[in-house]
Every structure is written in C-alpha cells, then in structure tokens.
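Next, two complexes with chain A in common: one pairs it with chain B, the other with chain C.
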Partner chain A sequence: MTERAQRLLEYADDELILGWRDSEWTGIAPSLEEDVAFSSIAQNEIGHARALYELAARDLGTTADELAFDRTPDDYRCAPLVELRKLDWAHTIARHWLYETADEVRLAALKQSDDPEVAGLAAKMDREEVYHRLHAEMWADRLRGEPRFENAVAELWPYALGLLSEELRTAFSERVPGTVPGTGPVERGVHSDELRPLWEEMTMVRRSVPGATW
Partner chain B sequence: MVTAEQVWNALAEIPDPEIPVISLVDLGVVKDVHVDGDNVRVEFTPTFLGCPALEVMRDAMAEKVRELGAEPHVDVVLDDSWSTDRITPQGREKLRASGFAPASPRQARPLQLVELQRGFRCPYCGSTDTNLENLFGPTPCRSVRYCNACRQPFEQFKTI
Partner chain C sequence: MIFEVFRQEKKGAPFTHAGSVAAPDATFAQAFAHEQYGRRHESVALWVVARDAVHEVTDFHDELEKTYHRVDGYSLKAKLKEARDRAGTTAS
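And then the complex of A and B:
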C-alpha cells in the first residue's frame, strides 16, 4: 500500500468511526438542539470519510463502500480516541473539542500538501469543519473549570495525541492549555476493546447479504 | 449535436432535490460543461460532502444530458471550488422568497460565533432582530434562527 493510501485510510477511518460514535446521540442528547447538532456533525464526518475513501479506493483499485465496511476490525487504522464509547456529556464534549482541535492542525498541514487532490479535499473539508469547531469551542468554554470536564480532557489527552503524526503534536499541544506534547500517546495500531462491538453493529446489514447492491 | 448552451439550459431545469425552488445551476454546483461530439462532460462541484442529495443530483444531470441525445460524464470535483458565494443572485432571491435566509459572503478569515449570533435578516418580515438558535439544522447546509420581530423560526444557509 502506498504511503498516500495509508494516510488517507487512517483519516477516513477516524472520521467514519467518530461519525458513528457521534450518531449514538441521535434521539437521546441532553437537548433537542444537541440532538440535531451531533446528528449533523456525524453526517458531515461520514461524508468526509466517504470522500477520503474514494481517493484511497482509486489508488487501491476498490470502492469506498468496500473500504468502509468489508475490512476486518484489525484492518481499520483509526486512532483509539474515536473508538471509545462515551455516552457521558463531559467525555463527549472533551473528545469533540480535542478531536476538532487536532483536526484543525491536521487539515492545516494537509492544505499545504503538494498533492493537489489531498490539498483540495482538505480545503473543502475545512470549510465544513469550521462549524464543528465553533460548536466544540462553545461547549468547551461553557464547561471549562468544571472538574468532570477537566478530568475527561486529562483522561483523553494521550488518546488525542495519537490522532496526529509526531511532527504535528507540538502545534496541537500549544492549543490545549496545561498539556505537554509527549505525554504517553495512545498510538494507532492497537485497537481498544470497544471497536469490535461498533464494527459488528456498523457492518451487520452489509454482512447479512454479501455482495448485494443497496 | 448538442451545444454547451443547450446543456446549461437543460441543467438549469433540474430542481435541487431538497430545496426544489432553486435549480442546480442557481445553486452553483455546475462548475463547467465541455461538449466533445456526442460526449458531454459536466464538472460537478458538490455542496456539503455528507449531503445525501449529491447522488440524486449526479444522476439527474446524467439523465438530462441523455435526454439531449448525448453521452454524459459527470465528474465530481472534490476541492474547495463550491461555496455559498456561487449561488446566483436569482437563486438567493428564490431562497429568500421560500423562507430560507441566504448565506452571508465568504470571508478570508474564519467565522466567529459572535458574528453569527445576531443581525441576519428574517426572510419573512425583513427584521434583523434575529438570534442564532442552532448552528446545525435539518440538513448539513443550514442553521436554525429565530426572528424576535415576527416570532418565526427560519433556516439560514451556512456560509462555506
């Protein structure tokens, strides 16, 4: 697999799995506004995953759907941060804010890529992500200083570091007060126990009729 | 043999699948049309990447080209070329007339929440005494606002 396809898959898997986790708030968020917000953010993230899978699929001679749904859990390259099932508002907002902050750093780097397809897609995604960041920052401002939120940020920080390649971690750390770039990152490569149940649910319909066109 | 103008006119008849008051050409998703004999290549620059209407739009454009007797090739352009700035002035008026506030112009610097909170014009009564209720709405492209003057909720196109 080329370096480019590998990087695209990492990013696509992050967005798909986080989109799935965000969608778990649909119907049960603390307010109707947040129900709509997390559902809409989930839809955007899964749309980004699809566009990234489409680029990777062309390089790999496959399709976006096959990449999204026909791999085994061990073949996914997402960071453990996005796998965790966090149906607790403090953790959800902590992850959302850490992810969107890291994603801004990642997108800024990709927009400078000398690969025009990657740079173009990153610029498009970034236009949509602006709204995710506004939402995440609004909530982080509201919860900052609350012990439950601060503890959740501290707990998830090593996971958040694992989203980014090493050269981007310092820039990320500068955006998150009180953290240091090297604090025991939870790297990609070993999945948490929570990915498999997600995968079972996410691929259930597709696995029920292999090869069907939906 | 078809001309590019005929193709543009045909594409202008396709309504947006989710907001049918406005056409795909008014929405600005047709970036370019190239005619080469019986082959027509349409460059399609999608709105939001997660929009479920994208496939419907792509199929509808291909169908229109086929109706003209040509072979369609709809190329999806995955870059930053679509913006709410591409919605035509007629498109913006049609949106407003059906209760959607059009987007404000794209700016070079990132949007701030405070800029979105106040001051957008209500498409029903024209008052600017409106609040942002939710950055997110029923589709990826819209936010939800409330007009304090006529007490009417309305949807606003997000600027991207």
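And then the complex of A and C:
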C-alpha cells in the first residue's frame, strides 16, 4: 500500500468511527436542538470519511464502501480515541473538542500538501469543520472548570495525541492549555476492545447479504 | 431561553419567521439555529433574536367600528367603476 493510501485510510477511519460514535447520541442528546446539531456533525464526519475513502479506493483499485465495511476490525487504521464508547456528555464533548482541535492542525498541514487532490479535499473539509470547531469550542467553554469535563480531557489527552503524527503534536499541545506533547500517547495500530462491537453493529446489514448492490 | 429565528431564503428577500430554538445563550442559539434552519441550504442568512427582545403589539381595538380608519371601509372596486362610468372609459 502506498504511503498516500495509508494516510488517507487512517484519516478516513478516524472520521468514520468518530461519526459512528457521535451518532449514538441521536435521539438521546441533552436537548432537542443539540440532538439535531450533534447528529448533523456526525453525518458530516461520515461524509468526510466517504470522500477520503474514495480517494484511497482509486489508489487501491477498490470502492469506498468496501473500504468502509468489508475490512476486518484489525485492518482499520483509526486512532483508539475515536473507538471508545463514551456515552457520557462530559467525555463526549472532551473527545469532540480534542478531536476538532487536533483536526484543525491536521487539516492545516494537509492543505499545504504537494498532492493537489489531498490539498483540495482538505480545503473542502475545512470549510465544514469551521462549524464543528465553533460547536466544540462553545461547549468546551461552557463546561470548562467542571471537574467531570476537566477529568475527561486529562483522561483522553494521551489518546488524542495518537491522532496526529509526531511532528504535529507540539502545535496541537499548544492549543490545549495545560498539556505537553509527549505524555504517553496511545498510538494507532493497537485497537481498544471497543472497536469490535462497534464494527459488528456497523457492518451487520452489509454482512447479512454479501455482495449485494444496495 | 427561547430564541426566535427568522430566515432569509435568498439575498434581498425579506426575513420570515422560521421557528424557535431553546438555548442557554446567544452563542448556542446561533449554532442551533444554523443547524435547524440552514443545514440544507434553505437559508442564506438568519436573524436569531431572544424572545424577550421581541415587543409584541396586539391591541387593535375598534369598538366604535370606525370603518373609515380601515382599508375595508372603502370599496375601491365600486368607486373605480363609478369613476370609469363617468369618464366613459369602462374597462373592457
């Protein structure tokens, strides 16, 4: 697999799995308005995953759907941060805020890429991410100082570091007050136990009729 | 808090009432309104206004039926017909 396809898959898997996790709030978010907003963000992330998979699929001679749903859990390249099942609003917002903050750093780097397709897609995604960041920031501002939120940020920080390659971690840490870039990052490559149940559910319908055209 | 949301469908069009959102402050209200009334590109702009900031006026009494104060007090159609008849230019 090319370096480019590998990087695209990592990013696509992050977006797909996070979108999936965030969508678990649909119907049970703290308010009706938040339910609509958070579900919409989850949908956007999955839309970004699709665009990234499509680029990778062309390089790999496959399709976005096959990449998204036909691999085994071990083949996914997502960071453990997005896999964790955190149906607790403090953790969800901590993850959302950390993810969006890291994603801003990642997108800024990708927009500078020599690869025009990657740079172009990053610029498109970034325009939608502006809203995600606004949403994450307003919630983080609201919860800041709350012990449950602060503890969740501290707990998830090593996982959040695992989203980014090492050279981007200092820039990320500078945006998250009170953190340092080197604190025991939970890297990609080893999955948490929570990915498999998610995968079972996510791919259930597709696996029920292998090879079907949906 | 309740915020009333007005949306503009295209540039230059009047803002019309779209509905309302419940939110703890104006920042949340804007973000929620953005999703509720804009995510399908159905609006080009929104006005998000705290309901408290809206001053409603409803006392339109007319106990003495002063129809001459109202538009319906004048039958324009009949008057126009009379005028045309006088001038001999009845509309065909």
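The rule is simple: the second predicted complex is superposed on the first by the 214 of 214 C-alpha atoms of A that agree within 3 Å, B and C clash if a C-alpha of one lies under 4 Å from a C-alpha of the other, contacts with A are read in each partner's own complex, and residues count from 1 in each chain.
The working rule: a contact is a pair of C-beta atoms (placed from the backbone, for glycine too) under 8 Å apart; a residue touches a chain by one contact, two chains touch by 3 or more.
Please read all numbers here as calculations on a predicted model, not as lab measurements.
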Chain B and chain C placed together on chain A: clash or fit? clash
Check: So, A:A123: does it touch chain B (first), chain C (second), both, or neither?
Finding: first
Winner on chain A touched-residue count between chain B and chain C: chain B
Based on the superposed arrangement, let me know which partner A:M1 touches: chain B (first), chain C (second), both, or neither?
neither
Tell me the contact category for A:L134 with respect to chain B and chain C: first, second, both or neither.
both
Report task. Pick one for A:E33: touches chain B only (first), chain C only (second), both, or neither. Result -> both
First (chain B), second (chain C), both or neither: which does A:R142 touch? second
Taking the superposition as given, does A:L55 touch the first partner, chain B, the second, chain C, both, or neither?
-> first
Both partners, chain B and chain C, contact chain A at residues 33, 36-37, 40, 131, 134-135, 138
The residues of chain B that touch chain A in their complex are 48-51, 78-80, 82-83, 110-113, 116, 133-140, 144, 158, 160
Note: in the complex, chain A contacts chain C through residues 31-34, 36-37, 40, 131, 134-135, 138, 142
In the complex, chain A touches chain B at residues 33, 36-37, 39-41, 43-48, 50-51, 54-55, 117, 120-121, 123-125, 127-128, 130-131, 134-135, 137-138
Interface with chain A, chain C side, in the complex: residues 21-24, 27-28, 31-32, 34-36, 39
